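Paired with chain B in one complex and with chain C in the other, chain A is shared by the two complexes that follow.
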Partner chain A sequence: MRHLDPTILVVVLGAAALSFAQPHMPGWVVYLLQIAIAASLPALGCMILLRSGLLSFGQGLYYFIGAYGVALVHAHLGISDAFLGILAGAAASILVAGLVGFFIARYRGIFFAMLTLAISMVVYGMAVKMDLFGRSDGLNVPRLSYLGFTPSRAWAQTSLFVFCVWVWAVFGIATHLYLRSRFGKLLTAIEDNETRVEYLGWSVRHAVHINTIVAAVLGSAGGALAAASARYADPSLAYWTTSGEFVFIVLIAGQANVLAPLFGSVFLETLRTYAAAFFPDEWQLVLGAVMLAIILFLPKGLGHLFALAGRALRPRRATAAPIEEDRT
Partner chain B sequence: MNLALIILVDGISYAGWLFLVGIGLTLVFGVLRLVNIAHGGFYAIGAYVAAYAIGAAASYGLGAGPQLLLAFAGAVVVGGLIGFLVERTVLVRLYDHPEVLVLFATYALFLILEDVTKLVWGGASLYAFQPRNAFGTVAIGSLSYPVYDVATVVIAVLVALGTWFVLNRTRTGRCVTAVVHDREMSAAMGVNVSAIMTGTFVVGSMLGALAGAVTAPKIAVSPGIGVEVIVLAFAVVVIGGLGSIGGAVVGALVVGLARAFATHLFPDLAVFAVYAVMAVVLAIRPYGLFARPVARKI
Partner chain C sequence: MTRSRPAAPVLECRGVAKSFGGFAAANAIDLAVSEGEVVGVIGSNGAGKTTLLNIVSGHLKPTKGKVFFRGEDVTGVPSRTLARKGIARSFQVPQLFPTLSALENMMLALSLVAAPRKSILSRFDDADLATAARDALDHYGIADCADSLVSELPQGVRKLLDIAMATSAEPDLVLLDEPTSGVSSEEKSDVMQRLADRFAATGTTVVFIEHDMDIVRRYASRVVALTDGSVIADGPPEEVFAHATVADVIVGEPLPEGDA
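For the complex of A and B:
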């Protein structure tokens, strides 16, 4: 029997623990976690793109599509089912990312970053002018039902939280398996050297295209959760600063594991909550300063702290340890 | 016929502004190999300093000309100082980091700069329309156009000529070109690469601040003006090819005319004109009009 993957175990146990702990947590912690969970999914999308060396400044586009998936399905079809809402957003973002992918899969580095940014800004520009998207005010999102089951007002918060947690668990595990698969390993190889990957018989462009679509689905799932939590969707979800936050999350957490964006996201939301409480007008400054400090002193992300701590705690061997290669 | 003239004049005036906004970005990219998101921050600082200087000068009873001179000089000096500090304290530590990380560091700097301007000047809008109104209008064919907007184009042309002259006709400029082509080789030949890089970043910041100062009399200077600018400036610069001065001129003209064309004929599409042009250009020439593709390594 193959032994159980520790990441999957942690995700399942964590999700179960959080589900049962919900009634004992204060409301603001529940809300903070919900928003953090929602934001960590598009960040996870950024992470899998970064695995192949591509920086996306446009994940906000799919966040936007996911959020409006829930809002529009309700506004026009009268469906308030959470699963259908997520599916609608995911289908729309597969379509959009499939089309956009043909164009952007050719680009690398700064060009990829800025083209994804430009595309999401075009959508933002359209959305603030279109009645379909409620212009700059956005649309309201109803209280959700789950496969025909509509929780009472008292249970709505709990059921939404449990839903968010398990949606994350499903997407987190799926992404983990995706990254562990042969295709997932290919992504890292693309970052190392594209030409060699092509000599091995793979099409880099197709791989990037598929990866863009996977990242888009993750982004839209996050957007659906965000809209359900905040109870509205507005065009600012597609604004480039929203996308910037997702990259920031990956940056502070590192890209070692699918759980990293979740930790990064919780860290960011906590930081934002406290910064906004203590420095209401200068929280961007605090955010920027923390970001800069992390980039300057922990360029591998906060996750690297664990590695450093582990190295410090590990007993010294008698012989000199080989100096770890520091790739920059 | 009249419409064509309006589109042409508007387009060129807008192109002049776009060039001013983009030139600092492309210069910094060419030499330092980083896309400076903080450029939008320098633009905002320049606009605020200019609006403040114009107000201060007006309260001392100075005329429109001295007001503008003070505003431009103040913006350039402040922008240059902050640029120097930023390069020496932050960027210099990041040159050997991956470009993604550096891009994000400039984003962090942008957030910081934006809140600093808000802290210094508050959240309310500053208005500095006096100098622009004082210059009145000039007749171009059958149009009457603000003199100030024509002057913007003249400033843009002067900046373009100045940059061209420095890069192609002076010793420093040749050193800069050498650093653009090969950093290590220039260092081996005795070029002080780190000084060139600092200097370029300072000049880039000054140009960003100057662009803001030139714009200040045309707009309500308020928080958030830097955000739009950085995306626009990038579009302009990427169309011409990152790091190419001539490319920035062509990019500004293309975007300026496209935008004027869309504004007057299809007002609803004006927002997309810029991005549509960028997408078309990049679809045909992935590295922009004037940049050479990078060879792939095996």
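For the complex of A and C:
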């Protein structure tokens, strides 16, 4: 019997539950979740690159492109459709990552990290000086319509939230299928032994190149959601600290499952909100301390708590058959 | 298959040389291997055996000379392309995926090169693929270790897994770098027998590097002896082992006086 993949089930049920719960949630929770959902997509991009051992400090570049996809099709073409905005950003990201990939796919380790960072900073440096991107002020983003449907003012917030949730669901499930495919296993194998991968007839460089493009699309989708939520796009999205946050999210959440960056992102946004409220001047200190605690006590990330809980809930089976160790 | 003219050798090296800095690891090596031959390559440590295999399998570009596979010039063609053309290779130090289980290693090998019938985007965790991988491991007698992580496997099993992965694609030419090193002495001939049976059944051409001269005598149909990057003897085993330098330098048992 083919049973349904638990991750897909959780994503679909979670998205449905959140969609129906939205009218009953306080406004700040809705906004916090939207921002967390948006940031978790580029973090998911970082996670799939990490499968091959590659750390990207430049996912902000695609966050920036995705956000400006929505802003620019409105500013220049008068289009305020959410789907077209996302598609525009995704297409631009595929183009940029496709070109950049020829250059960076051969690098590993610190060189890969530094190059991704440098490229995004070059774009940031140009964007703050260009009127096209609204210089350092950025551009405004309109209230979105959805395939010709323009929600009334009262429903705009609900529509956007539901849109964010389901965009995440689609990209989350697609990424899950991607990671559990043969290609997904190949990505893990690359970190283990590039020589063997080549001798199995695959080009490591092509695989890494493809993966950077997939990560870029995830980043741009997140950027589009972020711009739609904040109602503006500015060049700081490409700044290295933005990229650093995505790496931070993956580090605190772990990389066992596509849901991990989502939990990490919600955790980070919540922490930031409370820390900023209670320690307005030292909130970064609080963030650093939490990070340290997680690295020390949960080196596999917060997501590992779920694995531990899962193991605790089925102790009986351990004797009958060994429980599968997660090796992330 | 009908052949109007004599078929090109499966593998041909013409004047292949490789130097690292100023040091010549291979010197003008000429070698032609025909369909179905089982060639044993012998030589002392550092003689250039692995270097030769690295060049033939596309891991290294020769400094000089050319390599042909079935008459086609494949000099400098990368290993991934040669793997798809049918040249498989095992390693002196097994090249595996240490964080995956033995079964997953084999599944990956099968899904990438041997059985690309299914899309690369199809599910990895597939029952048919797992069964095929288990069978392949079983063929080399290592199915018991299927669920162990490679980093936990003994050296002998890693060696076999490396060979199993390399040969998963039913290649035309198999290059084996010391297939029995690290395998316990009781299991050596067993391993070699399995390999020989398998390749004889498919008529696969084999080039293997080996330090155990008993194994070479038993399984090679032809022996190539290397010293300091040059071929010093090439022919049937009895002939090569009767060569004075081979006996003295490589085998380490000088021929009796007057015999040479």
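Odds and ends about this structure:
Following the convention adopted for this analysis, the second predicted complex is superposed on the first by the 304 of 328 C-alpha atoms of A that agree within 3 Å, B and C clash if a C-alpha of one lies under 4 Å from a C-alpha of the other, contacts with A are read in each partner's own complex, and residues count from 1 in each chain.
FYI, a residue touches a chain if its C-beta (ideal position, glycine included) is under 8 Å from a C-beta of that chain, and two chains touch if they have at least 3 such contacts.
Because the structure is predicted, anything quoted here is derived from the model rather than measured.
Touch criterion met: A:N193 reaches chain B and chain C at once.
In the superposition on chain A, A:K185 makes contact with chain C only, not with chain B. By the touch criterion stated above, A:G244 is placed in contact with chain B alone, chain C being left untouched.
In the superposed model, A:Y107 makes contact with chain B only, not with chain C. In the overlay built on the shared chain, the residue A:W202 is in contact with chain C alone; chain B does not reach it.
In the superposed model, A:A88 lies in contact with neither chain B nor chain C. Residues common to the contacts of chain A with chain B and with chain C across the two structures: 193, 195-196.
Of all residues in chain A, those touching chain C in their complex are 177-178, 180-186, 188-189, 191-193, 195-203, 327. The residues of chain C lying in touch with chain A in their complex are 57, 59, 78-81, 83-84, 88-89, 91, 95-100, 104, 107-109, 111-113, 118-125, 149, 165-166, 169. In the complex of the two chains, the chain B residues touching chain A come out as 35, 90, 93-94, 96-101, 103-105, 107-112, 114-116, 118-119, 123, 227, 231, 234-235, 238, 242, 268, 271-272, 275, 278-279, 282-283, 286-287, 296-298. Chain A meets chain B in the complex at residues 50, 55, 103, 106-107, 109-111, 113-115, 117-119, 121-122, 125-126, 129, 193-196, 240-241, 244, 247-248, 251, 281-282, 284-285, 287-289, 291-292, 295-296, 299, 328.
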